[in-house]
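Each structure below is given as structure tokens.
You will see subunit A twice below: alongside subunit B first, and alongside subunit C after that.
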Partner chain A sequence: MNLWRDIKGTLQPFWITLGYLFKKPVTIQYPEEKRTPPPRYRARIVLTRNPDGSERCVACQLCSAACPVNCISMQAAEDADGRRYAAWFRINFSRCIFCGLCTEACPTMAIQTTPDYEICNRDVLKLVHEKDDLLVDGCGKDTEYNFYEHSGIGVVNGRGGNEDEYGPVDPKSLMP
Partner chain B sequence: MPKLTIDNLEVTVPEGTNVLEAARILDIVIPHFCYHEALGAVGSCRLCAMMFLEGPVKGVQMSCMIKAQDGMVVSSTDPTAVELREHVIEWAMTNHPHDCPVCDEGGECQLQEMTVAGGHGNRRYRGKKATFTNQDLGPFVQQEMNRCITCYRCVRTYRDYCGGTDYGVLGSRNRIFYGRFQEGKLESPFSGNIIDACPTGVLTSKPFRYKTRLWDLQEAPSICPHCSLGCAIVPGGRYREVQRVRAGINRETNGFFICDRGRFGYDHVNHPERPREPRIDGQQATLEAALAAARERLAALVEAHGPDSVAFLGSSRASLEANALLRDWASAYGSTQLVYEAHQGRDYAARTLAAQVGGHARSLGDLRQSDLILLFGADPLAEGPMLALAIRQAVRDGAKVVTIDPRPVVLPCAARHLPLMPGRLPVLLAALGQGDLSAFDAEERALFAPLLDQIKAARRPVLVGGADLLGGKGVAALCSAASALSTTERAVGVMALLGGPNSYGGALLAGDGPGFDTLLDAIQERTVRALVCLESDPFCEAMDPARAQAALGHLEMLVCIDATPSLAAQRADIFLPVRANVEMAGSYINNEGRLQEFLPVIAPGLPIKETGAGNHPPREFFQTTPGSAPVADWWLLAKLLERAADLAALRRTMAKYDERFSMLSVLAAETSGLRLPVKVVLPPVADRELPHADGSDNQVLLATTGPLGSHWLAHLSSPLAATEPRPYVCLHPESAAALGLAPGDRARLTTRFGHCHVEVRLSAQMVNGLVLAPQLWDTALEGLAPGSMHDCRLEKETKA
Partner chain C sequence: MNDLLISLVLILVKLGLILGVVLTMAAYLVLAERKILGRMQLRYGPNRIGPGGMLQPLCDVIKLLTKEDFVPGRADKWIFLFAPGLTALAALLSFAVVPFSPPLALFGREIPMVVCDLNIGLLYIFGLSSLAVYGVVLGGWASNSKYSLLGAMRGLAQLVSYELALGLALVPVVMSAKSFSLNAIVMAQADWPNLLRHPLAFIIFMISITAESKRTPFDMPEAENEIVAGYHTEYSGMRFGLFFVGEYINLVVIGAMTTVFFLGGWHGPFLPPVVWFILKVLFVAFLFIWARGSMPRPRYDQLMHFGWKVLIPLALLNVVVSGAISLAMNS
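The block that comes next holds the complex of A and B.
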């Protein structure tokens, strides 16, 4: 019995290999040929912009808090109009594991993953991307969201100017 | 002692404890906003609802408002109470701006925690939100009123606890607005406490704005280095800089709050000019080389000129361990020239206090319970602000306060002020002790006689003194008055405001050694040829800086061990950088003899904002952190003495050989500290007459400690720069009238340190016949050591 099993075990793999000789190959000749990954593929991380073209990132540091490999660092600063933004923003792609947790944590849709997977480099320092390298033109996957139009601290529309707000009250008023 | 049951667990609590606190003892956390241990319960946030099942109270009640009573059975998990709490949170969130990503409170926001804990996830309210216009509340506090949940904590902290008057609540229903009537700087020197008190992001720190999210902040329990009270603080740092300080909790000292100097005076650690590299003769060197050079050169001097040719100056800023090692170093050479404070008045005051206070020592916690507080030459807001807050709490409980001072002492509470010349303060103390006021004229007797009756009638009286004005003699008089006035039923307490966070520790180590003036004489006579300064600046801190600078010029060698850009650090032949107290572990002894430990918050290094010039951190990699050369002061001295640089071992040795420090072996951070054993430890110090003005110029000037931002470490802290006053003098209206000066006038002040243009301020509260001027760094008033008196000329400036 064991002999029969051994003969089958020897021949069957050859038969399977032989069968694949006549099928279309799944491998492609990278880099001459390139695949198009699905749109939600998690590769190069970018910082997107609001529909009005302003920076989306508010440097809330939730992405860096969520990052399991601590590859994101930044410093928040304040603009003249009260907008919080990233004075500098750095992602170390030599450390990034492309898990996408940063994009899930982002409350402003600023940080997004893209299907661009070709970011390898022999120089490690070239894999440390600064804000200028990360910032793209456009909204990415969400074309409508602007954080400051929903958070009511009056940066985009002035105080009390958002859709779901009354104008600022006069606390000194004597009206009931 | 009522015994009650909370969530099926039995607990016995002291009489008067509320149910919320009782639950906390059982580690059951009841959500709450408005309740605060120091502020008490008002039951306004409606969040601490619990179900009272059995006992004198029944139904859903606010647990902070119900005192624990026998037989109560309370449930925190009852569905009715839980549902009510959920609704309360939902109401609190109706007007919330939902801006957590850009809110500095994120990470320690009670509203965030309670919202998550209460299970409120989906917004059901579809109406519009109320909004507010913010106010600019000055350099410390940032307001964002839209986040407010109207818990009243800020107002209770600012007005009730801290005694501020310029912040309050306006409006009604959903127009409730917390702020000033008119936009402007918050005037209270305790304004920063509303940042800690606010459970959400309405009031946040302006200097800390957008610097760091709180989960990234490195924090550790520490002790405030700004005055002698030893308040518990929790500094936070990131990117190699200290970025904020919040109040720690120590019921024996500061309680739950701290002053603005402690809160915003952290920036001296990040000072751009802070010397961070060892130097030999002005040339940068390695630490090993600098240590070897110091050792060799001092040994050579000792060899050539005898052991007393090397003098040592300890510090009230350095840790107790380092100060003790400095003493060991001095004795290793056989030198007796060891002084622990360059300001002689403060030095003698601290030593006298340590020697004589004994069982009369009182903590700030005791002071809050006191019913009569007499301040002799103590200006709490300048010399130890949290003392003013403790006095206020005593006054809120009915205590009486009398300030006897040449200065117009301002307190955040009602107090009686009796102006008296500084030289007369010890006389008055002695007279009070003997119950004989014959040294005073009839008018003064009428003022001071009621004090005797008040002290006799008081149950827990405390005499408070200030080292600057009292000096050694005055503190001795303070201590003897306290023992003379004590009866068998009750003792009279003593508290003295000393020079620095470790003045008491230095005093214990100094024993009956020489004072700094004697040391200066020895330097001038060339018997002392080298001086080692441990975290002190004899050029600026001495009572007579001019004399000190002249004498110190004769030195053959100056070794400076410091963490600040002081004059001594600039002039040192050998400079050894050390860490600031937030960068190392160590201990201080505060002004009541309480030994407290502090832990390192961050490691030393050039802040990233500096190495990156405000932009990204540089894209280079170093083997060592730039600017990380400073080591702990005790580490450096242990290395100099060729001992094991191990803090635990050092403490064990200190505890073994000196029973006063036996507690060092059981010291722990984040506790209320350990009061040193009560024991007369020192022989009385022979005080020396301080230089007095003879009035040969037209006025006598009394130098005082300035307000918040005018202390050395505070002066180096940029957030406090806005509070640093421009040079001014304070006069009694009568003296001002004699000189033809009106309030607000510009005047020219001439002292032997030079000329200065000052603003004239008047106060009818102060003693007549003195000119008060604060010591202000980087101005012509720099040389005015607090407590010293000088001849001066004050002339009205006529506009050219």
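The block that comes next holds the complex of A and C.
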């Protein structure tokens, strides 16, 4: 039995708590003061646009498939020129767990997370965001990417006409 | 006849005053405890209702009063309903013998500033603090729940191991005052408080009174992380509130007891005696809150070992030594 150690161990915490009593609390008083989340914070999900202002989403269903809680649903449609888009797009935020897997799945960088974390609502139906609520004017995190300028068949440019593509190969010229 | 009437009215006025002050103090001690504990843990504590959270106790009372008063199935109904009152009552009754100011001369009468100056006041307080454990034991027994029963059992075992040390720690105080009356004990501390005369007795008293009042380092009867809430697990609404308020009234009583027995009661320079008394009570209450923020809970057998093997022998030794010293000084 180490009596001296025990007495010290009993009295030291009192000194420490007394010190803490006069420190400023670390609490953030929420409604009055708000913390600024980091730019890559995963909160409210938006649909972004291409640099030229057109919709990025091509309704490929990958986000919907990646979503672990199945909160994303959409209807695919096609323009006359073959450009795909979502006829309607719906995210149920009362179910969303803000995991960000949809943004990782998206090939066109259309669906993105934003740091806006104040989306709670007393009416649960207001948490179901339709395409009008989701679509924003802007490119989000990547200001240059346009999916159809790198990929996609003959929508923006002709077949093989994109910058980083070769033109189509004539199979007959490859004959041995 | 007229004289009797006046004394009766005076006693009633004093009773009302003490009840009001003690209950208000208990309510605001809850708030103070929550705020001080919060600051010790780098939080703010309740600060939303009223300026700085000052109306929080009121809201707590409204919440407790409007909650369902639930009696669990197969509980011993009448004992279950009666037990919380017992705890609060025993704590309140202790205040009858606490002198909070020197006698006041008013309208040509000498009015003692104590409801009832019993010549066995100290024993009366001991008796009541032992009775308070009945609330715990009966409540725990009547709830028909394992956790409540365990809590009640712990409360009883704790009382048995600590009451003896508590009594023995006060023997030197009684020896130097030569009286059991609380008034006489305060009078005997006019030159210097008992804290300086009997420091060891003070330490033993503080440790045992913490165990007696079931406050944090020794709150095994209601250890939240082991037995849910101990003896008041099954209580809800105002009955839980009575246990809760009883605990804080007890805190005020402990503050008053410590003040009277060791800190020199109302004696103090410059300020009026009542102010000194209240300041000292609040200081002791702060000590207990501070201990709650600082100390972990020991195991239940460790507490009993400490009580029986360390505190009681120490207290006995203290009685013998202070008796010998006062004998040598008198002769």
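In the analysis below, the second predicted complex is superposed on the first by the 141 of 176 C-alpha atoms of A that agree within 3 Å, B and C clash if a C-alpha of one lies under 4 Å from a C-alpha of the other, contacts with A are read in each partner's own complex, and residues count from 1 in each chain.
Rule of thumb we're sticking to: a residue touches a chain if its C-beta (ideal position, glycine included) is under 8 Å from a C-beta of that chain, and two chains touch if they have at least 3 such contacts.
Values in this document were obtained by computation on a predicted structure and should not be read as measured data.
Undergrad: So, A:S173: does it touch subunit B (first), subunit C (second), both, or neither?
TA: first
Undergrad: Answer with first, second, both or neither: which of subunit B and subunit C does A:A59 touch in the superposed model?
TA: In the superposed model, A:A59 contacts subunit B only, not subunit C.
Undergrad: Which chain makes contact with more of the residues of subunit A, subunit B or else subunit C?
TA: B
Undergrad: So, A:I72: does it touch subunit B (first), subunit C (second), both, or neither?
TA: Neither partner.
Undergrad: Which holds for A:I45: it touches subunit B only (first), subunit C only (second), both, or neither?
TA: Touch status of A:I45: no partner.
Undergrad: So in the superposed three-chain picture, is A:A86 touching just subunit B, just subunit C, both, or none of them (first/second/both/neither)?
TA: neither
Undergrad: If you stack the two complexes on chain A, which partner ends up touching A:L134: first (subunit B), second (subunit C), both, or neither?
TA: So A:L134 meets neither subunit B nor subunit C here.
Undergrad: Looking at A:P107 after the superposition, I want to know if it touches subunit B, subunit C, both of them or none. Which is it: first, second, both, neither?
TA: After superposition on chain A, A:P107 lies in contact with subunit B alone.
Undergrad: Note which residues of subunit C are touching subunit A in the complex, please.
TA: Per the stated touch rule, the residues are 36, 38-44, 290-291, 293-295.
Undergrad: Which residues, counting only subunit A, touch subunit C once they are in their complex?
TA: Going by the criterion above, the answer is residues 10, 13-14, 16-18, 20-21, 23, 25-27, 29.
Undergrad: Mind pulling up the subunit A residues that touch subunit B in the complex?
TA: 58-62, 64-65, 73, 75-78, 84, 87-88, 90, 107-108, 125, 128, 130, 147, 150-154, 159-160, 164-173, 176
Undergrad: Going by the contact rule set out above, which residues of subunit B touch subunit A in the complex?
TA: 97-102, 106, 128-134, 144, 146, 170-172, 174-177, 179, 209-211, 213, 215-216, 239, 609, 612, 614-617, 619
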